[in-house]
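One chain, chain A, links the two complexes that follow: it is found with chain B in the first and with chain C in the second.
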Partner chain A sequence: MSLTIATGTTPQQNWLERLGAGHIILAVALVLYPLVASDFFLTQIGGYSLVFGMLGLSLMLLAGYGGMVSLAQITVAGIAAYAIAILGNNNSNILGFGWPWWLAVPFAVLAAALASALIGWISVRTEGIYTIMITLAIATATYYFAQQNYAIFNGHSGYAGIRAPAFWGISWRDPRPFYYLCLGLAVLSYAAVLYGSRSTFGMTLQAIRDNPRRMRALGYHVTAHKVFAWALAGVIAGLAGVLLVWFNGRVSPGTIGVDAAIDVLIIAVIGGLRHPIGPFLGAVVVVLMQTFAIDIVGAERFNTLIGMVFLVIVFVSPDGILGLWGRIKPHLAQESLRPGP
Partner chain B sequence: MSLLDQPSSSSLAGGGMTRRQAWGLVGLLAAAVIAWLVFAVWPDWLNAILISKKAFVSAILNGITLAGLYFLVASGFTLIFGLMRNVNLAHGSLYLLGAYIGYEVTNRTGYWLLGVAAGFAVLAIVGVVMQVFVFRRLEGDDLRQTLVSIGISIVAADLMLAVWAGGTYQITTPEWLDGALTLPIITAVRSNGASVFLTYPLYRVVVLAAAIVIGVGLWLMLHRTRVGMMIRAGVDDRAMLQASGVNVHAVFAIVFAVGAGLAGFAGVVGGSALSVAPGEDVRYLLASLVVVIVGGMGSISGAAIGALLIGLAEQIGLVYFPTYGIVLTFVIMVVTLAVRPQGIMGKAR
Partner chain C sequence: MRMHRRTLLALAVFTGLTAPSMALAADDTIKIGLLATFEGPFTVLGEDSERGAMTAVAEMNGTVAGKKIEIVKGSSDASPDSAVRAARKLVEQDGVKVLVGPLSGDEGLAVKDYAKTQPNVTFINGTSAAQDTTLRDPAENFFRFSTDGAQWMAGLGTYAFKDKGYKKVATVAEDYSFPYTQVFGFMAEFCKAGGHVPSKSWVPIGNKDFSSVIAAIPEDVDAIYVALGGADAVNFLTQYQQGGGSAPLIGGSITVDQTVLTSKGKLRDVLKGTPSAGPTADTNDAPAWKTFVEAYKKQPGAFPSPSLFAHGYYVDMKATLLGLDQVGGDVSDGGKKLRDALSKLSFDTPTGKVSLDKNRNAIADIFLTEVTEGADGNLMNKLVKVVPQVNQTLGIPEDEFMKLGAVNRDNPSCP
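Presenting the complex of A and B:
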């Protein structure tokens, strides 16, 4: 999973050129999407893909730039979601401090970032494939803990009746505002990751991924860089968790179960871990499959289908859909160079 | 003794006592305290602190028998990882499949032992098939191997749900394994002076005995046979083993067969003691993960120590702080990683 950085930006370019045509077309399409989409397509497909894309993005940040494949991203998001339920209002008659959203959200995201940094600190003590095992163990243990514990997590049933806030005269749970809210946060996270990957920190992180010993010898604090990457990923996952709990109105151990943890990994891997756009692509594919596979295989056997697709992608293209595109693109370019028949 | 153990502690010998002797002394003291706790008649103040002697001793015994089960599952996981660097996250699915197969065979033939044998044999074959047709193709790419094993576990869980539905099954044990054993442990003394002895299900004692026998058997296989020698050499340096003319793929297939077979065996045995239901695969996967993280990768004795710690922590947590029990397991894992990242018996790489 090595990553090559595009270093062609010269200072003469204006900001429109630097943004690139692809990004502009995509942005226009996403902004105009609500004009053509029904409410169902707006939230269940659009909003959901963006939220899960953000979760996948937080994994992509760690896996693509840091070489640390985590299965605990949904756990981090779940901590933010539970924090919103506990700090804000819920109708489960447990806790619920009734804080306003502008106070609860920063604290929830902060809690997620701290939890993520802690998970990172635990797992960076070992290297490579151990990370995936340790994070899976943490995710599973948290799931069982949330299920057993009634004092904090309200056990099996979790929290219900969590409302998205309404301000500036808009109820943010309505389809169109919710879509734009998701879009705004997703674009923000995407831009931040893209910018961050070219920053000094991002470059250092990628160098650590490629050769930790050399970086340590050069005097870089390897552990600190990795843990900070975990904290950043925690912020993105935490924001996604807040959106998730506002959208669903409830959070329960099922939200942070092992299935959900693996779903995030599937999304990121199907999309591709080389570029921040990959997880969003993967999220669209998986959410579309989740919605429409019922017509093909029935709701019961959906997991078999998604598991098979996942297996095929891992076998055929290690870099997911992005990798497939990267392989097809040169062929297309060749085709256009040939003289017509 | 670790699988990879070399007398490394002797180099640390300082003034009066070597490190190993110090640990041995600590171990002896702990064993003496536990023996006193188990066999002595408790004074009232101790009963007041630890609920009752019966609860405490039962928790310890349940913890040890559960550790036996965890060891059976985790020893395969750790062997496979140690030799092939293959984190087989479908290991929990192997356990559950073994349990279902054991249930079917026992139910149809009426012979429990046949069910146990089928659980081992079928899963050993499944393991070889997985190794030869899936993992060998991705050799050297441990991330993709892990991803593939996740994919397999998803598909397997869904297909098992399709075949056996969501119900809970219990494998019936034969009559000669039913009943209870009266242990020479006095739990209380009645007012008339008669002692009350602890009774414990015979089946669980048999599970523990089987785990110990298999553990010793594995150790003997690894340390006294030619195949075991190859496996240990492969754990240390795979390339060199291959260069000395050993067919490593045959060795890999054997290890995968043994590891998967043990998971299937544990499935039948565990499914008879507890129950078989969807979701058990995740539970035993978590147990295997924590056991090998704590015990150290690729080490059989590490798996035994890890299983004992986790089994005891789980059962004691269940009795003394029910809703926070899992936190104890978690704390053990974090402390191990903080103090000794490679695990108790693991070798630093």
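Presenting the complex of A and C:
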């Protein structure tokens, strides 16, 4: 949005200016966060938000730039998570090829990207609500398949005893290293999406979103562009899936259930789909709510409170938290309401 | 750029808000985590388990060793991931040193694995009843004063074969570790007595449409063994009855529990006369049980008779409080004293004496029951027989029992 406009129109900036003050402040805050946060806030809130933010980001990439709302992003992440469990080590006595992490991770992410591309290839011929339906169907089918398949997915129990790797003398599941690992990958994904949105491919994708018929008439291969966007979203979701399985130490069908799929959609919608920072904002709000709502209203009604908060956010601002900011600053609102460049 | 500077400043403030708020327990209170399924398909069971746990707390007048008991609740949806996440929050954020829970089988297996990473926290089971939570690869700091699902079946297989005369039984059960354990416990006796189980159906938790399962049940079976819980049991039994099914039922422990028996409709007729076994019996005449039922009924929203979840959480919470009482509420040594006390603990519950074996799994009485209609019109589990002091290996020598192998969908088998 305006950030991209600002940098796009004034090319004679040095790199610090190009980065923007906001990004620098945010980066410093996030890097220094471990100094003030307890282990719980580092991993359960910080790390978990970053992981779900990445999942939301992969959805934002598809929905925001490609106009394709997917409910299957958690499925794609789940494929990477299961791949790590199957290719690496687990203690469920099923499969577990014992590959080292540097071999298992690329394969897992590749598998996720391919799966995502396949889902995209199946669903690109549909639009709007039909894309949502198809991806929901795929997510549900995968969930039940994982639940009932024992040869590959080990049924309801799934895989346990999956360990994050230790290298360079660091155990990467320890709170601080894990947080920085999540932060590193999240920043990488965020920067990639931000950069990608201004690249030729990103521009083309947005043009396709706005008018596929015209783009087709101009000679662009609309399907190929969309499927490639799905593959890129799959890489981000796959990385999130790897982090998720290292974080939990286990993966089971519950990880990729419809609830989780809807969580990702909520994160993206609550945060806002107009800028890649949106899903991360949404993830922080959703994770905080899901963790602490039970302390506010007790065990019986805490899901109602979570629902109410989400409802209020969407009611006050259909553009999510990002849009909310625009509304609070009316003189800037018009600018923020303009879609991306 | 101004907007962005402010956006992100706000963001920084927002992140600052999430900074640690480590709750420090005052010296005169003791925090106990309570982990149960307050969401998902087992919500009703989770709510009743809370009543059971709170009955134990109320019995101690809310204090132990002169310290006030503070219960911190955590909610899961019966999936192992959510249970571990909730346990992590209770332990790492709320700082509980003693945690009671979880409720469901696979949750127990997952929390046991988590317990190994938190050696200074003492975990006491809720009602999770998968066998391998304590039998194979147990955690030093995980205690189960409620028995496991195979123990709960003690006496049922023999009763079904000899007294009821069922020779061929089909099983329908949920597809996870607890029902595997229950089917194992039933078949261990039933197959040994000479019975056959030609068909085993495993359905996912939260299944709504059972028509394909019902169609797959062989015509010539004498009875159907059903080990489903909560809404799943109600859905299956309703659809089976509507589909014209007429084979008699044998119930798993949670199938004919109060959470199912209190449901309305024609289902009630199907359930009457169903034999089952479990850690509780509604018509138990023992004074200790009657006292417990009265105490339980003081909890808000209580059932006519406590479900086995209320009972299990009661027993485990009671054991926890007795253990804490013995050590004067002192867990400052990383809970070592408390764990020693718990290992040696032997006490009288509403359902008889409970003590632990070397794997910290309970040895307790099991009740063989049959569903009947009480004088007030409520369905109840009538006590048929008490099987005294059942241990985890069901009375079979341990090395022989271990040779039977880990429970799963295919083990045991006697088609």
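Here is the rule we go by: the second predicted complex is superposed on the first by the 317 of 341 C-alpha atoms of A that agree within 3 Å, B and C clash if a C-alpha of one lies under 4 Å from a C-alpha of the other, contacts with A are read in each partner's own complex, and residues count from 1 in each chain.
As a working rule, a contact is a pair of C-beta atoms (placed from the backbone, for glycine too) under 8 Å apart; a residue touches a chain by one contact, two chains touch by 3 or more.
Every value quoted in this text rests on a predicted model; they were computed, and no experiment measured them.
Colleague: Between chain B and chain C, positioned on chain A by superposition, is the outcome a clash or a fit?
Modeller: In the arrangement built by aligning on chain A, the partners chain C and chain B clash.
Colleague: After superposition on the shared chain, which partner residues are touched by A:Ile122: those of chain B (first), chain C (second), both, or neither?
Modeller: first
Colleague: Looking at the overlay, does A:Leu26 come into contact with chain B only (first), chain C only (second), both, or neither?
Modeller: The answer is second: A:Leu26 touches chain C but not chain B.
Colleague: Quick one: chain B or chain C, who's touching more of chain A?
Modeller: It is C that touches the greater number of chain A residues.
Colleague: Using the superposition on chain A described above, determine whether A:Phe145 touches chain B (first), chain C (second), both, or neither.
Modeller: A:Phe145 sits against chain B, while chain C stays out of touch.
Colleague: Quick check on the superposed pair: does A:Gly323 touch chain B, chain C, both, or neither? Answer first, second, both or neither.
Modeller: In the superposition, A:Gly323 touches no partner, neither chain B nor chain C.
Colleague: Does the superposition put A:Glu300 against chain B (first), chain C (second), both, or neither?
Modeller: A:Glu300: touches chain B and chain C.
Colleague: Which of the two partners, first being chain B and second being chain C, lies in contact with A:Ile262: first, second, both, or neither?
Modeller: A:Ile262: touches chain B, not chain C.
Colleague: Touch test for A:Ile132: chain B only (first), chain C only (second), both, or neither?
Modeller: first
Colleague: First (chain B), second (chain C), both or neither: which does A:Ala37 touch?
Modeller: In the superposition, A:Ala37 contacts chain C only.
Colleague: Check each of 92-100, 272-280, 290-298 or 326-334 in chain B against chain C and return the one that clashes.
Modeller: With the two structures superposed, the offending stretch of chain B is 272-280.
Colleague: Which residues would you name on chain A as touching chain B in one complex and chain C in the other?
Modeller: 144, 148, 150, 300, 302-303
Colleague: Could you please specify the touching residues of chain A with respect to chain C in the complex?
Modeller: Contact set of chain A toward chain C: 2-3, 6, 20-23, 25-26, 29-30, 33, 36-41, 44-46, 144, 147-148, 150, 155-158, 160-161, 248-255, 257, 259, 281, 284, 288, 291, 294, 298-300, 302-303, 325, 329, 332, 335-336.
Colleague: Within their complex, state which residues of chain B touch chain A.
Modeller: Result: residues 85, 87, 89, 137-138, 141-144, 146-148, 150-152, 154-155, 157-159, 162, 282, 285-286, 289-290, 292-293, 322-327, 329-330, 333-334, 337-338, 341-342 of chain B touch chain A.
Colleague: Looking at the complex, which residues from chain C come into contact with chain A?
Modeller: 1-12, 14-16, 18-20, 22, 36, 38-39, 46-47, 50, 73-75, 77, 79-82, 84-85, 88-89, 92-93, 106, 109-110, 113, 175-177, 204-205, 409
Colleague: Which residues, counting only chain A, touch chain B once they are in their complex?
Modeller: 1, 69, 122-123, 125-126, 128-130, 132-134, 136-138, 140-141, 144-145, 148-151, 258, 262, 265, 269, 300-304, 306-308, 310-311, 314-315, 318
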